[in-house]
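Both of the next two complexes hold subunit A, though its partner changes from subunit B to subunit C.
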Partner chain A sequence: MLKFSRNYGFKAVKRDFQLLPEFKLKCGLEIHTQLNTRHKLFSYSTNDAFASANLPNHHASFFDVSLPGTQPKLNLEAILYATRLGLALKSNINLNSQFDRKHYFYGDQPLGFQITQHFSPFARGGSVELTKVLNGIDQEQIQIDITQLQIEQDTGKSVYKDSEKVSLIDLNRSNVPLIEMVTEPCFSDLKQIRSFIKKYQNLVRHLGISTGDLETGAMRVDVNLSVNNHCRVELKNLPNTSSIMNAIKFEYERQVDIIRNGLAKTLLAEPETRGWDGTSTVKLRSKETSIDYRYMPDAELPLVRLSADAVARVKASLPVLPDETIKLLMEKPYRLSLKDAKILTLNASGHGQQYTQKELLDFYLQAFNSALENNGEKANQRLLTNWIIHELLGDLNRLGLPLREAIAVVPPTKFAELVTLIQEEKISNASGKLLLFHILEQTRDGSLTQPADLHGIIEKFDLGARSVVDDEELLKVCSEILSSVTDPMMLSGITSGKRKNSLKYLVGQGMRLSQGRVKAKLFEDTFKKLLNANW
Partner chain B sequence: MSLKNALTRLKQIPAVQQQFNVFTSLNQAAEEQLKGGNLDKQNSDAPLQNLLCAIKDNIVTKDLPTTCASKMLVNYMSPYNATVVELLAVAGAVNVGKTNLDEFGMGSGGTKSHFGPTKNPLFPGKDVIAGGSSSGSAAAVAADVADFALGTDTGGSVRLPASYTSVLGFKPSYGRISRHGVIAYAQSFDTVGILSKNIGVIDKVFKVLDKSDSKDPTCLDEDSRAKLRSVVPQQRKNKLRIGIPREFTPEGVHSSSVKRFLAVVERLIAKGHEFYPVSLPDIKHSLPIYYTLAPAEAASNLARYDGIRYGFRNDTKDSIDNVLFAPTRENLGSEVKTRVVLGNYNLCSEFVDNHYIKAQKLRVEMIDEFDSIFALPNVLTGSNGAKNGVDILLSLAAISEPTTLNAYETGDSRSPINSYVNDIFTTPMSLAGLPSISVPAGELDKPIGVQITGQYGDDQTVINAVKELL
Partner chain C sequence: MRTKLCTLLFTRSYRRSSIGPKFKDLAEIKQYVATPQWSINEFMEQDTNVQELPSVEMVERLLKLSGLPLQDAESLRSKLGHQLVFLDKLLTLDVKEDTDPKNARILPRSFKPLEFEDLVNAAENQIQDVSLGERSGSWESVKLANKKQDGFFVLRESLLKRK
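Then we have the complex of A and B:
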C-alpha cells in the first residue's frame, strides 16, 4: 500500500512523553486572574478589557492614560473579590497590605510602572487539595501550597503590525484588576498541573470573581520549572492548556538533555525566563539582562487596612465550595455519579450559560426533595437527574431561556411532578419531552407566566399514555409500517436475528405514528410477533 | 479690593513679564472675566472677588497650557482643571496666568526652566534669582501683578522664593489642600502653597482651598478633618510658647540675617510671648532623607513622560540601543535628569531593603521627634502632645539672601549640593508635613524670611502668629 505523509514544517510533538524517574520534575505556578469587577482597579472606568476589537482605548479614563495630575482611587470591590479568593484558598489575609510600584518602560504601560503588591502582599499561605477521585490525579491526594496572593494592575495591550513597523496600543485593559497567585513548587507531574489549573478556574468562577478563561487572557499561567533541583526556568506566554502542557514537556526534555550531556553547570546555573513559540521554548531573558524593577511603596495610596470583623463577614458570605458540594451530591441520598455531580456544581465556562451554578444546584436539590416527599423511597433519582441535566438544560440552551425565568413556570416541585408522571408511565418519555419543550417555549415567548398546569396540558394535547391499547389497532398500524418497508432483506434480517438493530427503526416509526403515547416495548413485541422473530 | 485697582494692575503684566520672566502663559481673557464677575450678582459675595491670582505652571488648567516649564510638556493642554483651580474660580478669583518654575518643581533658584530663569522683582536690572521652585508665583506677588499666587512646596519651594522676594509664603499641612491636578514631583511631600503680601488674603484663600476631595487619596477626608477640629485650639492664644531649635544654627548664615532673626524674637518677647530652646537632633539628617526620598518619587512619577500619549516626542525614534523612550526622555532638563538618575539609583535592588525604604524609616523617626516638642497632639501619628511643649517653632526660612543668577549657576555647576543646601531650614517641615510659613523680616534690598512652623493640622495658629509679627 502507498503511504502518504504531510510535512507541515515542524516537528510533531506527538512523540510519547514520559517523566523519567531519575530526572525529577518540580514545578510551581504563577497565575494571573482578571477580576470581573464593574470598574477598574484605580479608576471609575468600566472594566471591559475586551471591548478592544471595536472600541480601542474606549474604557480609558484620565488616570488610565496617566495624564499629568491624575491620581489612583482604589476600587474596594477588587479588595472584596481578593478577600473571597484568599479565604477560599485558606490563605492568611493581610490586614495591612500595601501597594507598591514596579518600574519598567513599555508602550502599553502608561505610568512607566505597574502598581502591585511587593513588600506586603494581600494574603500569604493557604493550600489547595487535589485528589484522585475528584481531580483525576495519579496520587490518592496531594496538597498544593499557596505562597501568596497579590492585587495588581493589568497593562494595556500592544498589537504589533510588523508590516508597518508600528505597534498599536489599546488601553482598555490598562488598570484592570488582576490577582497574581503564586504556588510553592509542589507539582511533580503534568496531571497535577492540569488538574490544579482546572480546579483554580472552577474556583474563581464559583466565587463569581472572574470568567477564568485562558483563551481570552482573563487567566494567564506562568510555570516555574526545574529538573533535579537545578536552577529554575520560568515559562511565560502560554495562552492555553495545551501550550502549558507542551511547553513543560519540551522544557523538561530540553533540561534532561542538558543534564545528560553534563552541561547543567553552565546551562542551568542561573534562573532564566523562556517563552513558548508554539513548538519550542525560547530564551527571553537571563539574570544579566533582567530588569531591576526598583520597587517602591506607592507614595499616595493608603495602606489597605481590613478589620478582622470585615474579613469574618466575607467568610460567612462565601458559597459552599465545589469540592464539598460534589462530595455531598455523591453521597446518600443523592448518590450522583462524579460526572453528574460536577455538572451540577462547576461552571463549564464563566459565561454563555442560562443559569448560575447556584441556581441550578438549588433547583436540583429542591426538585429532589420534592420527589422524595411525594414518592418516598420509590423516587427515581437517576431519572430526575437525567431530566434536569439533559432535558431541562438542553431545552434552556436551545431556547436561550434563563433558568431563573423557567422556574416561574416550572418550579422544582412542578418538575418533580413531571418526572413522577414519566416514572409512573402516566405519560411516555417522548410525550414528557414534548410537554417540557412546549411549556418552556411558551415561557420564552411570554404566553406562560404562571406555574404550568401539567394535567391540563396533557389533556388538552391528548398526551396521556395509552394504558389500554387496542390490540387490533396496534396490529393494523404495525402491518402498515411493515408493508411500507421496501427492503425485504431487512425484514428477513430481523426474523433471523442478524439485523436486530433494524427492529429499532420499525419501533421508531411506530412511536412517531402514535406520537409516543404507546410504549416502545409494545411495538417491539408486536413487530417481533408479526415477523416471527423469536430471539 | 476694587475692580479698578485690579484692572490697573492687569495692564502692568506685559512689562513685568518682559523684565522678570514671571509667566509661562498669560490669560488673555482676564480683563473680561474680572468685569464679568462684577456683573454677576450671584458672585457679589464671592470671598475672592476682584482678587488677581497667578497659578504655578505645574497645576493643570483647561484654558491655559500646563508645561511644568519642561520641554516635555510644551503646549500641553490638560482636559481638566485641578481641584484648586476650580475652587478659586468659584470663589471669584481671576487667574492672570501660569507662572514660571524650576522644571517639574526641581530647583531652589528658579533658574532651571525651559523658558529661562525668573528674575527677582526686588532687584530690577540686576539679574538676581527669585528662588524656586515657585519662582514665578513669588515674583508675580512681589511685582504686585497678583494679589496672591498658588505655588507648590515639596522641600521649600514656596517658602524659599517667598524669603528671597520678601513676600509671605505659606505651606499648609500636608493633605489639607487637594493635589488633584497638581503634577507630581514627589507626592508624599508635594503641597499646594499660597503666596501673598497680605496675611488676610492668605487666610481667606486657605479657607477656600481647605476642603476634602475624593479625587485625591492623600487629601484629608471629612472624618479626619472632624478629628483635627476636635484637637486644634479654637481660641487664639494671647501668649504663645515659641521654640527655637538648637540645630537650626548652621555655620555660614550671614550675621545680618541672624540680626534680623533676633530682632523678630525681641519683638515677640516684647508682646509677651515666651521662648524656649528645643532640640531636634534628627534634623541634621533631613537633607539626606529628603534628597533620597524626593528624587526616588520623582524618578517614578516622571516615568510617564514617554511621548506616546501626550507631550513632546522624538519624531523619528522611540528607542536608542534598545533603551525605550531614551530619544524622547533625553529632552528632560539637566537638573531633572540628575534627580531621576539619583532616584533610580536609590531604588536599586542591590541595596538590601533599598535606600528609599531606609530613608522612610528615618522620616518616621523625625516626625516622632517633632511630636515630642509640640504641645498639641498629632492626629496622624496619634501622639498625645508634649507636656510643656511649644505652640510654634521659629527659625530662618533661608540661609542667605538671594544671589545673582551668575553666582547661583556657578555654585550649582560646581556641585548641585551647593543648591541643595538652600533647603536646609525648609525640608524638615516638609518631611513631617507641618504647616509652615515664611514671613518677610528683612528690608527690600536685603530680603530674608523667618519661618513659623506649627504642629500638624494647626495651620490656623501659624497664620495667626504671623499677625503678631507684622
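Then we have the complex of A and C:
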C-alpha cells in the first residue's frame, strides 16, 4: 500500500516533462463561464459575485437563498449571451431547450438541486480552430469540436473554517448565470489546451459576455484525460492556467507509470474524478461513489423557445471575431506584427482597462486611414502603431483616463497629425511625448474639452524642433554636462572607444536639458568632438 | 437499486375505461362532469395488500443524497412507498401518447417564441422587485438563520460530513 501511494499518488511533476510517443494523451475540456449579465439567472438580484466580497449575502434575493415558496423566473439576458457564444462557436442553437434539476446536497446549494440543462441543452456541435500562426500550437492547424453548451446557475461559496469546524456560506454567487461548454476529447498535447483556454477566454471577453478570469473563478476549467484510451479521469479544482497544466502533467505521468507497471486493468479500469491539491492529483470520487443526480425537468420554468429569426438577428449583430481581425491587421495595408495585432484585438484581461477592444481598434483604424490620407505611402505605419500602443495606452493607464474621454480632445485624425509632426521631425519624439501627456492630463483635469490645437500648444511651450542650432550654445551645454561628470574613467573610456555606450548617457543628459528639441545626433557629434573620440 | 425503483414506478396495471351511451344535451354533460366517478381514497386503497415498500437501503441512500437525517428512515420508507403507489396509479390513467414530455410542467404549453427584441431589451425591462428581496441589501437574509457569523450563514461540520 505504501509502495502504491509512493508510485501512483504523490510523485511530483518532473521539471523536464515531455509526452511520450508510445503513451498517447487524449483530453477534453469542460469550461464553466460566469455570464456578466446585470441580474442573476432566475431572479433579478444583482449579479456581482466579486465586487462585494466584503458584504456576504448582500446580493441574495428570496429565491437565491431558497426560501420556501419562491419560484425561478428566467433572465432573458442570459439567453442572449448564450446565443452569442453558441453562434460564435458555430454551434447549432436549440430553438426549444429546457431547464432540468440536478439534485445533490451541499451547503452552498440551498435549493437541494442545481437548475441546469441536462435533457435538452441550449446548443450542440460547433468547433474552434487553432493554428500555428495565431495560437502558437505545434501543428499547422487543428479543430476542436464542441459537444454542447448548457446554461445553469452557479452555487454559493463556502469558506471553510477548519479550526472552528464550520463552513461559512455566502450566497452572493448563488444563481449567477453560467455556461458550461464541453469539448470532444480532441486535445493531444498541452500547448493545444493552453491555446484553447486563451482563445476561449478572449472570445467571451470579445463578445462582452464574461470577464473570463480564471483567478476570480469567473471561468473554471475541468479536464477529462486518458492515456492510451484507458478509462478517463476527470480533473477538477484547477484555479489557474499553471494548475491546469501541472495537474495534466502529473496525471499523465501517474497514468504512464500505472500502464508501465501493468496495473492499468485494475487502476485505470473505471472512470474517476480527481482534484488538484497544488502538488498532486487526489481521488475525489470513483464509479462506486458517484452521485446519483436524479435529473428531472424543472416544472416551474417554461421551455426556452427561440424564434429562428431571433437567432439570425443575434448572428447578424455579432462583432467581427478576433481571428478575422488579427488576420486583417497582419495583411496589407496595415502589416502589423502578430503581437501588435493581438494587442489591438484581444483583451489582456476582462476588466480594469481604460478602453474596450472595439474602441481601441476603431481608434487605430481611423488614425491609420487619416495618416494614409494625409501622407499617402509616406505614412509611417510602424510609428503610428507604436505611438498608439505604447505612448497613448501608457498615458491613459498612468492618468486613469478612459479612451472615450481622450478621444474628445485627441480624435484619431488629431492623433495621426501628431504622429506626422514627429515623423516629419517638426517636433522631436521627446516633445511629442510631453505634448501628448500634457493634453491628456488637461483632459483628465477637465481643463481641455475640445479637440486640442497642436500647433498652438507647440508654440506656447516652444516645443518645436530646432532645425538651426547655435554651435557655440551647443558646445557650451555639452561642456557643462562633461564638467559635471564625476567619473573620469567614463570620459577616457569614451575617448578610447572602450565605453561607447557611456556616450548615450551624455546624449541623454543633453536631450533632457534641451527638452528633446535638439536632435540626438547633434549632441553625439559634439560630445565626440569635445572628447576627441574618433571612432 | 435504481432499476428496482424504476420497476416499481413503471409497473403498470391497466384499468380500461368503457364507452357509455351518447350525451343527449349540455345539461347532461355538466351533470356528468360535476359527479365524481371515483373517490381518491378508494383509488388509493386498491392493491394496498400488494404494496411493495422500497428497501431500507434505498431509503437510506436517498436520505443521504438529500442531506436528511436517517433517524426517521422507517416512517419515511412507508411514506415513500405510499407515494410510489400513487405514482403507479397515475401511470394507469389514459394519457395522450403523442404529448411532448417536455410539456410536463405547470406552465402554459403554447406560447410565442422569444424574439430578438425580447432578448436585447431584457436587461432594460427587468425591474428589481423589493417584495422578492431582489434589491441588494434590502433585507438581511442571515437574520432568518439560527447560526450566523459576520454576515455569513454557518454550516456545521456534522452537516458537511453527511455530504
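Here are a few things to note about the model shown:
The criterion applied here is as follows: the second predicted complex is superposed on the first by the 519 of 535 C-alpha atoms of A that agree within 3 Å, B and C clash if a C-alpha of one lies under 4 Å from a C-alpha of the other, contacts with A are read in each partner's own complex, and residues count from 1 in each chain.
Note that a contact is a pair of C-beta atoms (placed from the backbone, for glycine too) under 8 Å apart; a residue touches a chain by one contact, two chains touch by 3 or more.
Predicted, not measured: the structure shown is a model, and the values here were computed from it.
Considered on the superposed subunit A, subunit B and subunit C are sterically incompatible, since they clash. By the touch criterion defined above, A:105 lies against subunit B and subunit C together after alignment on the C-alpha atoms of chain A.
By the touch criterion defined above, A:59 reaches subunit C but does not reach subunit B. In the superposition on chain A, A:282 makes contact with neither subunit B nor subunit C. When both complexes are overlaid on chain A, the residue A:302 reaches subunit B and subunit C alike. Ranking subunit B and subunit C by residues of subunit A touched puts C first.
Contact with both subunit B and subunit C is seen for A:169 once the two complexes are overlaid on the shared chain.
In the superposition on chain A, A:294 contacts both subunit B and subunit C. Overlaid on A, the two complexes show subunit B and subunit C touching the same residues of subunit A, namely 62, 65, 67, 70, 103, 105-107, 112, 169, 292, 294, 297, 299-302.
Residue ranges on subunit B touching subunit A, taken from their complex, read 59-60, 66, 68, 73, 76, 78-80, 82, 179-184, 186-188, 214-218, 296-297, 299-300, 302-304, 306, 308-310, 318, 324-325, 344, 347-350, 354, 356-357, 360. Residue ranges of subunit A in contact with subunit C, taken from their complex: 37-39, 43-46, 48, 52, 55-63, 65, 67, 70, 75-77, 79-80, 83, 95-96, 98, 103-107, 112, 120, 158-159, 165-171, 291-292, 294, 297-307, 309-310, 313-314, 317. The touching residues of subunit C, counted against subunit A in their complex, run 2, 61, 65-67, 101-108, 111, 113-116, 118-120, 122-123, 126-129, 132-137, 140-142, 144, 149-157, 159-160, 162-163. By the touch criterion given at the top, residues 62, 65-74, 101, 103, 105-107, 110-113, 119, 169, 292-297, 299-302 of subunit A touch subunit B in their complex.
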